[in-house]
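Just so it is clear, A, B and C label the chains in written order, and each chain counts residues from 1 on its own.
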Amino acid sequence: MNAQLKEIQVEQVDVVIIGGGPAGLAAAAELYRRGIHNLLVIEREKQLGGILRQCIHDGFGLTRFQTALSGPEYAQRFIDTIEELNIPYITDATVLEVTHERQVTAVTREGMRTWQAKAVILTMGCRERTRGAIGIPGERPTGVLTAGVAQAYMNLFNTMPAKEVVILGSGDIGMIMARRLTLEGAHVKAVFEIQPYPSGLPRNIEQCLNDYDIPLYLSHGITAIHGNTRLTGVTVSKVDENFKPIPGTEKEYKCDTLILSVGLIPENELSLDAGVILDERTRGALVDENFQTAAEGIFAAGNVLHVHDLVDFVSIEAESLADSVAKYVIEGSLKPAAISINTDCNIGYTVPQRVSGEKEFTLSLRVKRPMKDCRIVVRQAGKEVAVKKMKKAIPAEMIRFVISHEKLVSGSDLEVCVEC
Amino acid sequence: MKQLYDVLIIGGGVIGSAIAREMSRYRLKIGVLEKNLDVCCETSGRNSGVVHGGFAYNTDSLKAKLCVEGNKIMGQLSEELDFAFQRCGKVLVGNTPEDQESLERTMKQGKANGVSGMELIGKERLHELVPAVIGEFAMYSAESGIVDPFGYTIALAENAAENGVDYFFDNEVTAIERDADSNYVITTSAGTFYSRWVVNSAGLGCGKISELLGIGGYKIIGSKGDYIILDKRTGPLLPMPVYPVPSNTYMGIHVTNTTDGNVIVGPNADLTDNFTYYGVSQENMDYLASSASDLWPCIHKKDYIRNYSGILPKWVDENGAIQDFKIEVQDLKAPRAINLIGIESPGLTAAVPIARYAVGLMAEREKLTLNSSFNPIRKGVVRFAELSKEEQNLKILENPEYGEVICRCETVTKAEILQAIHNPLGVDTMTGIKYRTRSMMGRCQGGYCQMRIAQLLEQELGKKEDQIQYARKGSQMFFGKVRQEVES
Amino acid sequence: MLKEFTCIICPNGCGISADIEIKEGGDSLIRSIEGALCPRGEIYVKQELIDPRRNIATSVLVKGGILPLASVRLTKPIPKDRIFDAMEEIKKCCLKAPVTAGTVLVENILGYDADVIVTKSVPAGKLLK
């Protein structure tokens, strides 16, 4: 063995981007265009593209590319740019550690590799909430899996994971899998949602459930799982306004598979170890309008920051941090963000959570419950600084609008509220 | 030609596997009949993983004696067999004068049982040991610890197998008879086996096997306990198990750190006669969390990653009073049959002393010859995650399969998965890989790695999708392919 | 007759109400329509009334490629009630690597002027593991 190989050399780069999905690739291309060429995208899979590789349905790209694309096609547009511009990337490399000092260590088949970066961009995406995480009671047979896992089995691994199916949760991936499973001969009996409103987009209820006569039951939860080898069935109950099962409403559904579409969690385990502070509401980093986290020089965008409804906005968000990261790499610091953005009880969260007040920014937010004919108002010291009128606002949809800094003053926080 | 075994062991849990290993020190032809597809599928794998001190059991009981012995030798076993064990100590936390008295009694009993390292400590010392705990004082047991129950059972079984023991999975015993030569003829769900000696280490099935051996009259009830597993981020808040003051028959709901850095909350103790139902109810989950929060207020739903349950086989008398371990040979009713009844907690701690006790019963009845080639050393799958960066680098340079992370949450590499797939026992289930590597045990619960592991199992063992089983027989994961070639 | 629609053309998913008069012979006339944020909503509703159409996405088997499957979709929606017929046609197909995204797999499927196109390139080579 070559003695030199045994030592892990520290490689110097301007920017390391962790994750080669729709956020990471978009950020890489934009940074490159801004003259930051000494960068590296690190991807754990064998191919770039992230989760889009398994999202074979269409409906992506309408905003970013003004045309309807499937997930693989959408990803390929960015991959093609990466290849054309010759942007450095490695695949099959799993990052094990990001330090507060922006040292990144990854496992590769060639050995451990470490980079010292001037800036790190976190674009690791999100993971699915599991059965254990929501604590569904009952037995533990096989056949209980998340929608994304079912999607990967079918679309990447050519493996059929289900025949008689019940779906818990009306998240978009769950509904898309209801359709996908139906097209491949499985029988999807019903979708149950514990909330009194759907958590996915209306168009998916229409084209994934209604088109295939799959019923959606709101305010219903799964109260028991049956079977000690393969799943044999589930017990479903209506729930009250506190999500407590209503006795006497239990109904059994025979099925071999329960698919969960009960939420996504930003994948921030690496970020936490780097000293990034998370927002309890988004479970992503607290960031300013530059998408800089509480750890200086570490930035975040896409689903690792907050779970998006559309991939287009993931890429657009990642592209929009390029200016700031380029500036940070060149100048070594960015303006501090002293203005907090606070929300009322109708707003689930905002991104960013802090701003400097010295430049225009896009405010992303979600409402907590469905509302009609409302105004989303941003105030500073009692004065309206921005308003967005909404015919309807639903939690499934991320709301974005641009806020000009011209009306902002320093020394006073921003308040975001919904007025009906 | 029919194979005549010297010993057939019924049940491949921690007790059966410890007996198999202890017996493989002698020149004996040994087989293990296990109804599941792997070892530690039932009680051995479904518990708190605590290595008990031995203070909680009546003096002069087998439970006390064998537990104390088991505690003493656990360090040596862990070195020989390469499984995770930490002598981290534990505290029994009290608040009232009654608690104080109870702990004093426990200390006294412990001393009589030969337990060392116990002391009563005040609030200040208690909070030095476990800063997050709620309590006024405690009994501290320095010799208590934690073990990876899967790693421990698998290590015993693999070492037994490496020393010549045959494991037969998917063999549920349905009948036991004796032939003209007085050898045992054991019928299983998969075939017929012959042996001079039989060991009943069937755990939850011990009553049934005892009956089949012709030794009736043992009443076994199940005590089912549920657990919640918390994310590794909670591990640093719990350096040792925290228990309430025990009652005579029940340890109480406690919080336990695991050798992998998670925290487990539980168990309750519900009596049951259903030995195959492992469901966890909502009420029990809520009860565990609220009850344990009185001891350790760090239990938050966002940290839940899984729940599970286990059932202890308790031997009870006609009044329902829980009895001691029974380890016997009834020479008249069932000669050359070692019958183990009611091996519940502290069976995990006491497994090897129990096994030695069982071998002793055999040695009293026939001369045993040492097996000079017995090798007590066994190596498990190397844990990449536990190596330094430099060591990790060297591992990858030796074998690039270490350079591919399959399980992201627990940093398990392809090299480790491949070693686990080709395990000495020939176990081929998904949980077999899980228990040997920790893959799929992390916070995403296999969301990322399960499909890759299933694919590797197919490739390495030449299986089809619909032959991959998750844990138990019948737990098929897939229904074939989405697309296959069509005849045109 | 008032009828409710959810437009599926874009992620906005506008809820559209249309007042429809069913004429003799089965034709329907839209008297009024509201709720759409853009003109595509009205076009969608008109199409839904006479001939609802949908796109589908699925996969085909690839031989000798680094992936076992290539994803495919239709270039245009086809009548909703022919989706499973289209699936049967697609299931019969098998590709040989290398496969390039954009390749037409089935031309003019079921005669609806829509092609089935590959949406994922699969280079030839050993299956990625």
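Criterion: contacts are C-beta pairs under 8 Å (C-beta built on N, C-alpha and C of every residue); 3 or more make two chains touch, one makes a residue touch a chain.
Since the model is a prediction, treat every value here as computed from it, not as a measurement.
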| item | value |
| --- | --- |
| Per Cα centroids, the chain farthest from subunit A | B |
| Chain centroid nearest the full-protein CA centroid | A |
| Centroid spacing, where centroids are CA-atom means, of subunit A and subunit C in whole angstrom | 26 |
| Whole-Å gap between the CA centroids of subunit A and subunit B | 38 |
| Centre-to-centre distance between subunit C and subunit B (centres being mean Cα positions), rounded to whole Å | 53 |
| Residues of subunit A engaged with two or more neighbouring chains | 154, 156-158, 184 |
| Residues of subunit B whose C-beta touches two or more other chains | 455, 482-483 |
| Per-residue overlap in subunit C, given as positions that touch at least 2 other chains | 59, 61, 68-69 |
| Of all residues in subunit C, those that touch subunit B in their complex | 59-61, 68-69, 91-92, 94, 129 |
| Subunit A contact footprint on subunit B (complex, rising order) | 228-229, 233, 276-282, 284-285, 301-302, 304-308, 389-390, 392-394, 396-398, 400, 402-405, 408-409, 411, 413, 430, 443-448, 450-451, 454-455, 465, 469-483 |
| Interface residues, subunit B side, partner subunit C - complex | 455-456, 459, 482-486, 488 |
| For the subunit A and subunit B complex, residues of the former touching the latter | 1, 5-6, 8, 44, 92, 94, 96, 105, 107-112, 114, 127-128, 130-135, 137-143, 146, 148-149, 152-154, 156-163, 184, 223-225, 228-230, 269, 272 |
| Subunit C - residues contacting subunit A, complex | 6-11, 13, 15, 37, 54-59, 61, 67-69, 71-73, 80, 83-84, 87, 101, 119-121, 128 |
